[in-house]
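One chain, chain A, appears in both complexes that follow, with chain B as partner in the first and chain C in the second.
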Partner chain A sequence: MATTGDGAPRLGLARRFCIYVLEARAQFLSLARTPGFTIPTLVFPIMFYVFFGVVMRFSPLAPTFLLATYGVFGLIGPSLFGFGVGFAAERDSGALLLKQTTPMPVAAYLLARVATALLFGMAIVLGLFLLGAFAAEVTLYRGQWFALAGVVLSSVVPFCALGLAIGAWVKAQSAVAIVNLVYLPMAFLSGLWMPISLLPTLVQDVAVVFPAYHQSQLALKVVDMDQGGSVGVHVLMMGVFTVVFLVVAGFGFRRAGQT
Partner chain B sequence: MTGPVRTVARSATYVGLTIVVFVGVLMALPEPAPPEDAADALPEASFAIVRVTVFDGERFRPEQEVRVEDGRIQGVGRWLALPPDLPRVDGRGKTLVPGLIDGHVHTFGSTLNDALRFGVATVLDQFSDPQLVASKRAARDTLARGDEADLFSAGMLATAAGGHGTRYGVPVETVGGPDEAPAWVRARKQEGSDWIKVVHEDGSTFGMDIATLDRHTIGALIAAAHAEDLRAVVHVSTLEHALEAVALGADGLVHVWRDALIDEAQAARIAEAGVFVVPTLSVAASIGGDALEGELLEAAGDTPLSPMQRQTLASRFPGGDEERVSNAGDVAIENVRRLHAAGVRLIAGTDAPNPGTASGLSMHGELRLLRRAGLSGADTLAAATSVPAEIFGLDDRGAIEEGRIADLVLVDGDLENDLSLSPRIVAVWKDGYRVDRSRVHQERPQTQSASPAPETTLIADFEDGIGAAFGFGWQVASDRMQGGSSTGRLSVESGALRVEGEVAAGFPFPWAGTIYFPGAQPMQPVDFAGREVLRFRTRGDGRTYMAMLFGAGGSASVPAGVPFTAPPDWVAVEIPLVRFPTDAPGVIGGLAFVAPAPPLGTFAFEIDDVEIR
Partner chain C sequence: MSHGCLATLSAVTHRYGDVVALDGLDLQIRPGEVLAVLGPNGAGKTTAIGLLLGSLQVQQGAVHVFGRDPGARPVRMRRGAMLQVSGLPDTLTVAENLELFSSYYPAPLPVSTLLAMAGLEELAARRYGRLSGGQKQRVMFALALAGDPELVFLDEPTTGLDVEARRSLWSEIQRLKKAGRTAVLTTHYLEEADALADRIAVIHQGRVVAEGTPSEIKSRTADRRIRCITGVGRDDVASLPGVVRAEVSGQHLEILTARPEDVLRTLLALDPDLRDLHVTGAGLEDAFLTLVRAGDPQEEVS
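Coming up: the complex of A and B.
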């Protein structure tokens, strides 16, 4: 990762912007044209919501509750897969090395991945919100709609960092399996599929070690259905997780550079 | 480079459009519909008030939701999750305050219901019949539906033989000296007194001289109360007595003095001692001749007042030492201003139903008077909610927060900006149940149909003895009809009716005089439709008397009175019938001319040429 060394050409601001946009566009199109990525990430949260939020409701408040948890669940997908699988694949295929030889800043590559996850995330939020509002009679104050969208979309930061950490350490062939091994159990044990209060106490106690738990509690706070933890603690935990993931990713890159 | 630039521009446009669509959808998503006003019919004690400004006991919070479940507050917050089927009350443009706590009342008649209908959900009674208190106590420990404010009380007061408090008709066990204090306090505790009230009153501010407890006895009573783990509050009306009570260890003073202004050092001493003050500015204003009657009647608007509320609001303290009394309200307010500046804890209390006040309604006048003394709106409301709750250990009320009893008052308007809107009550909830504010709590006597009055306007000129142009005629009347022990005597001297007698203790409002029954039988109502004014001539010993109308309800109804003075020389008195605070002043079962108390003692006056025209 030495592209930004002294020998790199200086780029103007406009040109720099072009590079950022073009890289993001390229990554977005590349992912959008991968059905193995788009279908599960877009369809699963929406499908789950139709099942448990629209068709069979465990309680009158379930549609609102699930809007928050499936929203977070929906955002974890593109964030983890984009980095964990996409990054590992590009590295192992040599595409990353090719990009490293161009004047493109590393930040453009990373931001492009985050922006792509964000765009998929917005599509998921829109789908869930429209379903909730018009198929499940969810009503929220304007400030709540925006706050919920904001909290859900902010999930890209910690989970992209987690994806990066995974992608930095595992090979492309095993990346999908590893990401799924993290993704699905964490989602379940953090209470994203069913309310955590319905899970065994032991699971509830362990949930605090998962970033998905803290992120979903923040989202649930917007609709007053969280477990009552403090906002500050949840935000702090998400910050700590993000930093830890980035550090782990950094070690992964260093190891890759040495071999 | 044009190719990539165009691609960049196109991509940026797509992203921009995506964001616009995203925000546009968020703007279009449905918000909760404003509730149909469910406030009018809420059978259960579970509901929510949405989008309301909440005064939580300390500060105002806009756009809150308050959820009530089984009579308790279950949640307060901006974005509360409410079950879709929970009944909702629209709180937009309104302020929700905790059920008010009146820090100084006396309980009898309809006072507890009167208080509740005007948002006072809890009263701190500073002297009432212990038996009455005992009968009301159970209600405060349940969340069952009720139509009266919860009562906490000192019960019987500690006073000297013949002292203040012994003349209201409630038998009082007086305290003879310091040695009697421990046993007296123990007896109160057994009786169920929630704290001890001690009287330090020599009558000087009324220009009277009445027996009062000496400082040793007061000190002993306070010490005995503390030994029994009870608070001790002291009734004072002079600055000297107030400072003395503080020095003796009183926990609180239940009036502010009206005789002198406190200085900074003295106020600081009260603040340091942690003594609270219930100023009762409402009675101070009434004593000073500035009762808020007109202001409060206007504030009450269409909300019906009970006969007792109307009567006590219309009545007045008898005049005393003119100079001292005339500025009593101003002196009291200035003292409160100085106490507040010194950091003394203040509790709003009305001393209702004393003359010039009305239970419940006067609390809103007290709030206005406290504002006049320089308290902020939030401090004033705190003095009527969270401060008394904290001082008296009532931690289940006095605030709007999770777990507290759902005693709530919904007021139309923004109280943060204008506390004088407080009487504009939309709804009162007690223990989560909506209070019927239109139904005055009273055992209404059976009313009789009224017969029309004869043509003649003259009722009696007493030229031929105690006679009358029509009706059953003139009788001695006194509070004996209601269980009191005052006496009266009638005679005719030189063509006028002479009324004399003695007003004696034995009834909350002792009175005696004469009554004329216009019907064929006593209290049989006669309809004086079309008549507008009561006229008569009078002279007497110079004290204030009352002309009272008993309506169709007979002797069980609370009479409606208008005061007049009987000077040494004959004067003509004219009272428009509409001035009598009653629903139907033209329907008269009895017309009385009486001497009210205070003062107690003998009286004598004459009346002549009585007309209703």
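Coming up: the complex of A and C.
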């Protein structure tokens, strides 16, 4: 252990790393032991894929298409629920206040939640890919599999930011309802459940305001099934959404700090 | 101003909208002492703790802990806290929570030591959500000690606990005191402050109305109730020195005082026909009233 110039104790790198690991482990265990979280977030995307990608295919392209869109759908779940609902619950119960009196690094708290969403996301991606490859006979180049996994998993960043923004503003009791009100309509209107090209033109025009649209277009680009938008624009939009959500979350914290 | 003090609140005023929670509060925390901050609900105890923990922003006045800003990271490393309203994830076990909190500090106490100190050995593997209220409080107490802190804040640690759980927490706090730790304890029980503290600061309406050792504070509380039938009027009795409160109750007059001998001497001299006299110990709430009254300038008793 080293000390700073004024004699205050400091943690070494290894000890600081240990905080991040323990914080992530605590967050993961806490969610993994909550069936109300694990069952819907893990089961829904897999179940949808079994229904519409494996059992009843409306098109020969469906298994590949849905691998991308249900992947994004699957990642949004743990990001919004784990982050948004979990954060609101810890704030309202006083668990967050207690942690704020300790020297816990705020970054450890936030990254633990991102890491947890990522772990659940990896389980969903693995499940979808195994089903796609072995039950739905999806054939992709090896590079496409990796690229698709990468794009889908990168959804944790913008959607954890959205979860944080929601969690910073709403009460724990209403957080689940609000998250569902955002999650499900956004998923449908962004073309995660059925291709956006099958939806009315008005819906297609409005879809650009949803982060899920841009994220799913990026995933579909990997398998050449996107609407033909520019990768740069989609990536830029996801960056803008992330920053906006973080700013909204920041205002939420400031407001909470004043009351 | 703060030489030799671990923490100070100087002329601190804090408002929530129009409500004044602290009104020019001055408080010093000296090394090695257990300070009880005693006051009724709404006196401003939790606000004072919130400022000392850095979870509330200082609006007016100055707050220092270890000579620094109370929210500073080096301060948080040397301090522990048990909050009045706080929770933990219900699905994590006692040991998992303790291990996580210990990791935040440079020189934490081993989890096994913490479990022993809070009497939680047999509950280490139990999930937090399955503990009783008293057991949860013991976990919170253990978390406050996780970093082996020099200074511990305990905000109403025994509120809502049954007698047995309260006694067990008291003995933990007494052990802490024997180990030479500095602790600040808020409570609305005079009995608790008396049992645990070296020094008591009584606060009411956001100000310190009395400060001293437990025996000093007790000697200044109206701990006797006189009940009698007398011809002397209520208002005359209420104006006698040492009388905190006089009330008519049926035929009887009830008098609350810290100086029953003086009051009785005067009363008997005024009314030789005084009868049906009872002198009893007053309840703590009544006793407390004296100190609170003493703090109101318009109702100065002495």
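To be clear about the criterion, the second predicted complex is superposed on the first by the 250 of 259 C-alpha atoms of A that agree within 3 Å, B and C clash if a C-alpha of one lies under 4 Å from a C-alpha of the other, contacts with A are read in each partner's own complex, and residues count from 1 in each chain.
We take it that a residue touches a chain if its C-beta (ideal position, glycine included) is under 8 Å from a C-beta of that chain, and two chains touch if they have at least 3 such contacts.
Predicted, not measured: the structure shown is a model, and the values here were computed from it.
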Room on chain A for both chain B and chain C (clash or fit): fit
Touched partner set for A:Arg33, first chain B, second chain C, both or neither: second
First (chain B), second (chain C), both or neither touched by A:Leu22: both
Partner chain(s) touched by A:Phe129 [first = chain B, second = chain C, both, neither]: first
Once both complexes are placed on the shared chain, angle at chain A toward chain B and chain C, C-alpha, multiple of 10 degrees: 160
Superposed arrangement (fit on chain A Cα atoms) - minimum chain B/chain C Cα distance in Å: 6
Where chain A meets both chain C and chain B, residue numbers: 18, 22
Chain A residues within the chain B interface of the complex: 17-18, 21-22, 24-25, 60-61, 64, 119, 122, 125-126, 129-130, 133, 137-146, 149, 222-225
Chain A contact footprint on chain C (complex, rising order): 53-55, 57, 73-74, 76-79, 81, 83, 85-89, 91-92, 96-97, 99-101, 103-107, 127, 140, 143, 146-147
In the complex with chain A, residue positions of chain B that touch it: 4-5, 7-8, 11-12, 15, 18-19, 21-22, 25-27, 29-33, 75, 77, 79-81, 83-85
Of all residues in chain A, those that touch chain C in their complex: 1, 4, 6, 8-11, 15, 18-19, 22-23, 26, 29-30, 33-34, 90, 93-95, 97-98, 100-104, 257-258
